[in-house]
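The two complexes that follow have chain A in common; it is paired with chain B in the first and with chain C in the second.
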Partner chain A sequence: MGKEESPQITRRTTRSSSSTPILKNGEETTKTSEPHPLTINDLVFGGEPIKLDELLSSFPGRRIQILELMRLLGPLNSPMLPLFLYGGTSTGKTSIILQIFRHLNRPFVYSSCLTCYSPRILFESIMNQLLLHRKNADNGYASAKRCERPSDFVVSLREALTNVLNTLKENSGKSSSRKPAGQANGRMIYLIFDNLELVREWDKSSSILPFLFELYDILNMPEVGLIFISKVSPDAYYSDRGYVEPIPILFPDYTEDSLRQIFMRNQANPKLYSSFLDVVLRTFSRITRRVDELSTAFSPLFKKYCEPLSDPGLVPNEDMKRKLFSHLQPHLAPALNEIFKVQSQPSPEVEAKQEKVKRKSNANKLGGREAFDEIDFHMSTSAKYLIISAFLASRNPATLDASLFDSTGGSDNRKRKRKSSEKSMEQKETAEQELLMKGPGTFPLERLLAIFQCLTSVVESSLGEDQQINEGLGAGNGDSGLMSDVLLQLSSLCNANFISKGGSCPLEGSTRYRATISEDLALKVARSLKFPLSKYLYRG
Partner chain B sequence: MATPDHAENDLQPFFVLHKALVQKSERKSSGSRKIRRRIELSPISAKNAEKMEIGTGEERDDHHYEHLRMEAFNFVWSKIESTIKDVLRNINLNVFNEIHRWVCESFDAIKSCGTTLTKATHSYPIVTDATFRQLFTGLVFTKNMEFVDDLMTFEELGLHLKSHGCHVANLSSIDFSANNGIGGCLRSLLRQFLMVTLDAADISILASWYSDQGNYNKPVVVIIDDMERCCGSVLSDFILMLSEWAVKVPVILIMGVATTLDAPRNILPSNVLQHLHVSKFLLGSPSERMDAIVEAVLVRLCSGFCVGYKVAAFMRNYFLRQDGTLTSFIRALKIACVEHFSSEPLSFMLKALFVEENSQGFWSEEHALFPEEMLKYAFDLPSCRRNNTEERTGENLAHDLSELKRLQKCWSTTVLCLYEAGKYNKIQLLDLFCEAVVPCLGNSTASNHHLGSGISSSSDHSIHHQYLISEKCSFICQAIRKVRDLPVVLLYQLLKSWEKLTEDVIEIHDKVKELQSLLKFENGKSLKQDLTNIPKRHTSRSHLNMDKDSKVLNEKAARLMETMVRDYMQPVECIPFHEIVCFKNVDKLQSESWGED
Partner chain C sequence: MEGNYGEDEEFGFARNYFIAKELGGSGKKSSRKLSDIELVDEQELRAAARSIESKHEKEIGSLLNSYKSLYPKWVFELRCGFGLLMYGFGSKKALIEDFASTALTECAVLVINGYLQSINIKQAVTAIAEALWDQLKTRRTPSGDFPKVQQPFNSRSMDDLLAFMDGSHSEKNDCFVCVVIHNIDGPGLRDSDTQQYLARVAACSHIRMVASIDHVNAPLLWDKKMVHTQFNWCWYHVPTFVPYKAEGIFYPLILAHGGTAQSAKTAAIVLQSLTPNAQSVFKVLAEHQLAHPDEEGKDACQQFVQYLSRALSGE
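For the complex of A and B:
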């Protein structure tokens, strides 16, 4: 213990002296200096401590939770029962607990089960932090201690915790009179497990989760506090093992008012932003109350909102607000429907637009080429037929194949369709609904190949214009048909996620496939081939 | 979308497509022995060899020429290969630069969020603002369902970014398989960045590495070649994990997307998608790249090697209908090349003929030593026999060959001029090329059809003729018609490009100059130097004024184009001795590339 102590004292002074500049021009000062050895004081959040008032004001709508947490954590050096924080994504669980520890300045070990994706990495991450171990090139980025099984982990954890607690005790005994800024408070250490819900998927035998909940009893060290953070409620964790149940603290979704307060924090022009929120917040908060989703949706919208303004510092009047709203309105609906926005780099976008204009002007003259441009990636002709075949095989019932692909082609189908629609519209609708609910059907390879052959033979005999060109150019090689390498094409389509390969059917014992493309894409492909897809499609 | 047996259907196309190529190169590199044996096996060359042996009876000579052919093949193919590489690199260069610019911007944006080095290795997330937790992601659309062509593209993108001072790791779908899980891709990531292999890979190690002295302050770029083929859940975990370490490790993702924007939407759940701050980049489409390659290799004839019309049609069909990858196109080209040099005894001349600058010097030395049999063989070539009146001397051969070279030059110039005009009509060079190599019996009648002037001479039974009838309007004719319809500004641009293209062919060049001066003269008042910047309204006004004049000019330009097509665009298969440079045996190529039926 003494060994650890001596460097610590010397460090403490340097750290406290360097901790203030870190905030201002931290990058420069820290980059030039060699990374200092980690001390016990690195287990606190660090930075400038935060007052309780600041803490409360920086998390609007979370006053109850923060005060509750503060009460449960208790005054300095008071033992506590394990806590269980839960609530939806982006409700402030992690941020609040971290800021509380920043306020309390107590040492903690944080590990997220997202980053630590396996028990071993979780254990080693905790051990590394407790043992003040830093991975670097010199130690080959290895962990301080290798522990794979929970039992190993408990042994080394207990040892490490005892060491840390001893150090803390010495520290608090020694420097009660003169306390440097970075110094950890108290004789407690807290272990925080974030994203606990992910542990459920780690192993099917589910031994880790009970182990973590039991850790409090296993360790039996009152100086160790355990905090679990989870997105799902405690009911989702089966608690029939008889361990002490952690105290649940719910972080409910934010209310609209809280959301407004959250978004109003740190705004350069509060009046303007407030008028922006008037427009968007109500509609968006009906869809989601998640701060992360809202803020990613708002930031481009706000930019749009400010576009007509010459001066971003302007305080808008009613008239102005109306103008800004009408400017924003067309962008609202798409933003509501889409969380995945793609920014095109400016130059190609402009080009594409120009191209579009050009294409439109050419559209009348060159109908065929125009249609070809609609799929914006390259596919060989045979791959296109194959994907259409797969689409048909997935959509049409297998019993219909014979009538669809007989000599009369699709003409027969039309009659049937009309008959059924005359019968009863309602029935048809329910059937359509059913089809939609069921999704695309599966089919064996043989059926796909049969349909493919029918389609290509029909096409090759009827000789579309496009085909003839190829025929003309391909003079001399008669068998330049579409049939070669079909299986190769199929695997390409599988790779492109257009066709998914399912498990084998227990009755037939062969692999079954399923077309996963949308009707829209199928129609586009068909259009590029001038293939009358709708003629072959069975509807209700 | 990720099926459990994803890995199974994973490697198939990759493997099959590359097998043949590797085999070929192996064949080449494992020495000339194999090729030589093939020559003896193949019926044509056996006949030829016989022919020569009857005459000389000397094995040594035979071997000497075989060796020369081998040499010529290596030379020609390496030339073609390097040309293709350059062409593809140039096509990508703009996009690469754009991506690099975006990487720098993104990195600045991340840095502006501000983090200190000491915080970087902490296990807890340091930012709470969701917009900063977004990952800058570039989706690079390859525009081809098959991804084989782009294996090299992403590797080169990696090298490009590395050379501009980024940390780069290239991952592929193999790293994102369901079997290895998230550990697999982290391991591969760390292996590339840290050069160490760890059994317990976790991302905090990356953070520690990044905070090292030498690594700090550079963007960390992770390139994923083919996101469609990745296992969705692993990729999601990876993205979530990176976003948890956002800012601490400034990772910038680049993902290759083969199909559409729907691909990421289908693969990734929405809570992952919202962590991506996406920008979009477009690579050149396969047909653009194909055109560039065709231009450099087959039209500009970088090596002198060319293909006959049947072979061209076969390759075009294969590209459009069967496979759609440049890889297999290049492979077919290579097979054609190998076949040509192994079956055509005189093919060794290609190297000397087209590559050495003063070919004349070479010939004067070499043709004296030319064995009689070779000459006889050369003058017995079908293309020569057709109008065979001249003496069978080496000089004549040399002369005819340089004539061949000149005619080919004219041909390629004309095709390129047509292509320039066709560009305004979105005509592809591949189509034009396949049409331009079709040999025709009578030049004048064929050109009549080119013009689409309606005079259909029933006596003409050339292939070209049939071809045109069946198609109603050929690409060449479309291109010429486009010249007639071009607005004056575009016409000016077209003439400018023609001027550049025809520099080597004086006769055409002069005519183009003449047209240009006419255009300048007539539109002298309205046409400023910076024509490209003229706003639309202005041009339309000038169009009104000069409607008649410019129409005359258009007509003249179209006439010129017609003349060029008629007089200068002589397909290679109509030129004597073309067998030496031209590969025509489509059956051979077909059986080689598809396997024997």
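For the complex of A and C:
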């Protein structure tokens, strides 16, 4: 559609055309005539070879990964350890490795665990490619060899690989000084397994995953290189057998600058688009850095942005820019809401990735992720207050409630204030330690509701006179109307394991609840509400 | 006390709670006991309660009549797929049954009395499925894409029944079964498993639910998903000020003197709270006593205890 989708389009065609090289050749001739039988040279990427500079410039922000990969793949005919490419969605793992092979012009076999959704299909797809077999009407769309178990697969694979490698050796043996274009380089062949994380959900994943990782040891053929691509870091693949660990290469999320470069590619009107990006890129990249999500969000917004312009080729000046921005602004907030999806990867993964990056010596500089200070999920305000109330109820002893929450200072008027001596300070410290060691305490429902009511009334009173007057009239009704909502919220929080519930049915006995969240999370939630949690915490 | 009167109002519940906890045991408690009053026999008490004049009959009657004007709106909401949840002071049993008998005439209505002490949810769901089956049979489209032979409902599993009720038998069929549950927060339905089943039943495409609650903390039984997605409640505040005659039958009267009839009921309540093992022990003891009616109770007890001790130590 739009210009900014052209980088996407090239990536898509590369994937499909590389996994079925037959089709590509078939399309170049006429569609109706039968495609020619496959040769060894069809195992390369095909098409125009590209130089290293082109490769580097077509993937902004990935210079380090590309050079690292080139280094690990090594010069022609150098054996290598298995590689493990991992990173988030649309970070360029598949397209980069395929373009690298296009540049190097070396033969490879690509199979994706997304399209090959069972071990048998995976094995047969690899065998078909190696045996240069094409499924057509003549052979009834059957695979070359029926391969169901890993043991069968290894046997057939070894045979096929030996054949392929012999062919390659012959080709390189009778080499003239100038190779015809499209002929494969070298005597090695590479197997690429994409979307490896999907294998974890297969039925036989407990045997297939170790098998794939052990393939390097099983085959013991230095002319074969293995490359794994996965969205999930290698830590998640539970390994208890001693196989050779593949070399991990991380593809971190793009920085803002790289994103800008990516989106600026192939734009008809670069200056106009650049001013558009000035407006949207920063806010949107705070939410997501995935190129696919951003491009689907940007294309309608760019259309909206260009609406007031009569001439799309115009270069905007400052005035124009301001006008365009004000035209676009009301559409930004709804677009932001739509783009916000809960990430499919859990957040500990992001943190694990970040730690890995810090560990590596050639770490990329990540463009300011403030993810650690904010909570990663979305909660309503009443749920947040309820969690804070539960945390305080579990943390503070019940005797402290009146003095903490009662604004008219219930008990303070009655007790005298005593000076604390050293001994009592020590006692307080040990008491605090004991309290923390014992873990969160239990509290009955009424106490939770009382604390919740105090906290929310504090908030209401701080909102200002006018609002309070308006709300004060409805406060009596409003409170009772909200009560069922609060109780429902409490049940939902119990189901989500933020609060744990003691045994009996809550309607019958006096059930006791316990808040099972960490202090970190409570602080994060309080910070998002701008609530001074530390003032209310009991410190002994 | 010092402070704004407005703030007092808002803080009312919370402050009272904290202060009550603070004062704790130091508050003055009355030292009078229930047995100081002259209690009467239960029969007398029930007779007296029946002869109490109900006050404000005219006003209550006009209030109930005013609810009749809401019936069309309720029917409309049921058709739209919502459930109706009635809450408010007074028994809503008569109100809901009046609504069901006058306004819900084209669909089958099944009534579950939630205030009973124990309810077999599987039986209830089976009855709902059977009612739906009858409904579908009478309204069958001529194309008859309908399985003739069906497994009997009471031998099917819960998941099967739910799948049957949720299945889109045909889009043209507008029939549904309306399930009326009095006191969905009643003692027989408070179990979380039961509530989950009820939620799944309510989420079925052919079932609509009308229910009433009386417990203050009834929403604790549900969570947000159940309320907004599965049950899809429309909350209606319908105070009726009608006494809880039907719902209160199973609760012992506090003011009644312990007579023999009373002690049987209390004994039954006590026995229900025991473990199954203890219950079986008492059952054996009772059978032994029934079998030997001429022996004194004490002797029988002693004999039984001896027998038990022998059994436990010997074998």
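Heads up, the rule we're going with is that the second predicted complex is superposed on the first by the 303 of 540 C-alpha atoms of A that agree within 3 Å, B and C clash if a C-alpha of one lies under 4 Å from a C-alpha of the other, contacts with A are read in each partner's own complex, and residues count from 1 in each chain.
As a working rule, contacts are C-beta pairs under 8 Å (C-beta built on N, C-alpha and C of every residue); 3 or more make two chains touch, one makes a residue touch a chain.
Keep in mind the model is a prediction, meaning the values are calculated, not measured.
Trainee: Once the structures are superposed on A, label A:Asn136 by its partner contacts, choosing first (chain B), second (chain C), both or neither.
Mentor: Only chain B is touched by A:Asn136; chain C is not.
Trainee: Looking at A:Ile451 after the superposition, I want to know if it touches chain B, chain C, both of them or none. Which is it: first, second, both, neither?
Mentor: Touch status of A:Ile451: second partner only.
Trainee: Applying the document's definition of touch, where does A:Ser310 land relative to chain B and chain C: first, second, both, or neither?
Mentor: neither
Trainee: Quick check for you: in the superposed arrangement, does A:Asp401 touch first (chain B), second (chain C), both or neither?
Mentor: The answer is second: A:Asp401 touches chain C but not chain B.
Trainee: Looking at A:Asn220 after the superposition, I want to know if it touches chain B, chain C, both of them or none. Which is it: first, second, both, neither?
Mentor: neither
Trainee: When the two structures are overlaid on chain A, which partner does A:Asn337 contact: first (chain B), second (chain C), both, or neither?
Mentor: Touch partners of A:Asn337: none, neither chain B nor chain C.
Trainee: So, A:Arg120: does it touch chain B (first), chain C (second), both, or neither?
Mentor: Touch status of A:Arg120: first partner only.
Trainee: Count the residues of chain A touched by chain B and by chain C, then name the partner with the higher count.
Mentor: B
Trainee: Given the touch rule stated above, what does A:Leu488 touch, chain B (first), chain C (second), both, or neither?
Mentor: both
Trainee: Residue overlap on chain A between the chain B contact set and the chain C contact set?
Mentor: 472, 475-476, 479, 484-485, 488, 491-492, 494-495
Trainee: Would you tell me which residues of chain A are touching chain B in their complex?
Mentor: On the chain A side, the touching residues are 22-23, 26-27, 30-31, 35, 46, 89-90, 94-95, 98, 109-112, 114-118, 120-121, 124-125, 129, 134-137, 140-143, 192, 194, 291-293, 295-296, 299, 339-345, 347-348, 362, 366, 369, 376-383, 468-477, 479-480, 482, 484-485, 488, 491-498, 500-503, 516, 518, 521.
Trainee: Show which residues of chain B lie in contact with chain A when the two form their complex.
Mentor: 1, 3-5, 9-10, 12-13, 16, 98, 102, 116-119, 121-125, 128-131, 133-134, 139, 141-147, 181-183, 190, 194, 196, 198, 200, 202-205, 208-209, 211-213, 216-217, 226, 228-229, 237, 240-241, 244-245, 258-267, 270-271, 273-274, 276-282, 285-287, 310, 313-314, 316-324, 425-426, 434, 463, 466-467, 470-471, 586-587, 590, 594, 597
Trainee: Mind pulling up the chain A residues that touch chain C in the complex?
Mentor: Against chain C, the touching part of chain A is residues 398-399, 401-402, 405-408, 410-411, 445-447, 449-451, 453-454, 457, 460-461, 472, 475-476, 479, 483-485, 487-492, 494-495, 505-508.
Trainee: Could you list, by residue number, the parts of chain C that touch chain A in their complex?
Mentor: So the residues of chain C touching chain A come out as 1-3, 6-7, 9-11, 13-15, 17-19, 21-22, 185, 187, 190-192, 215, 217-225, 227, 235.
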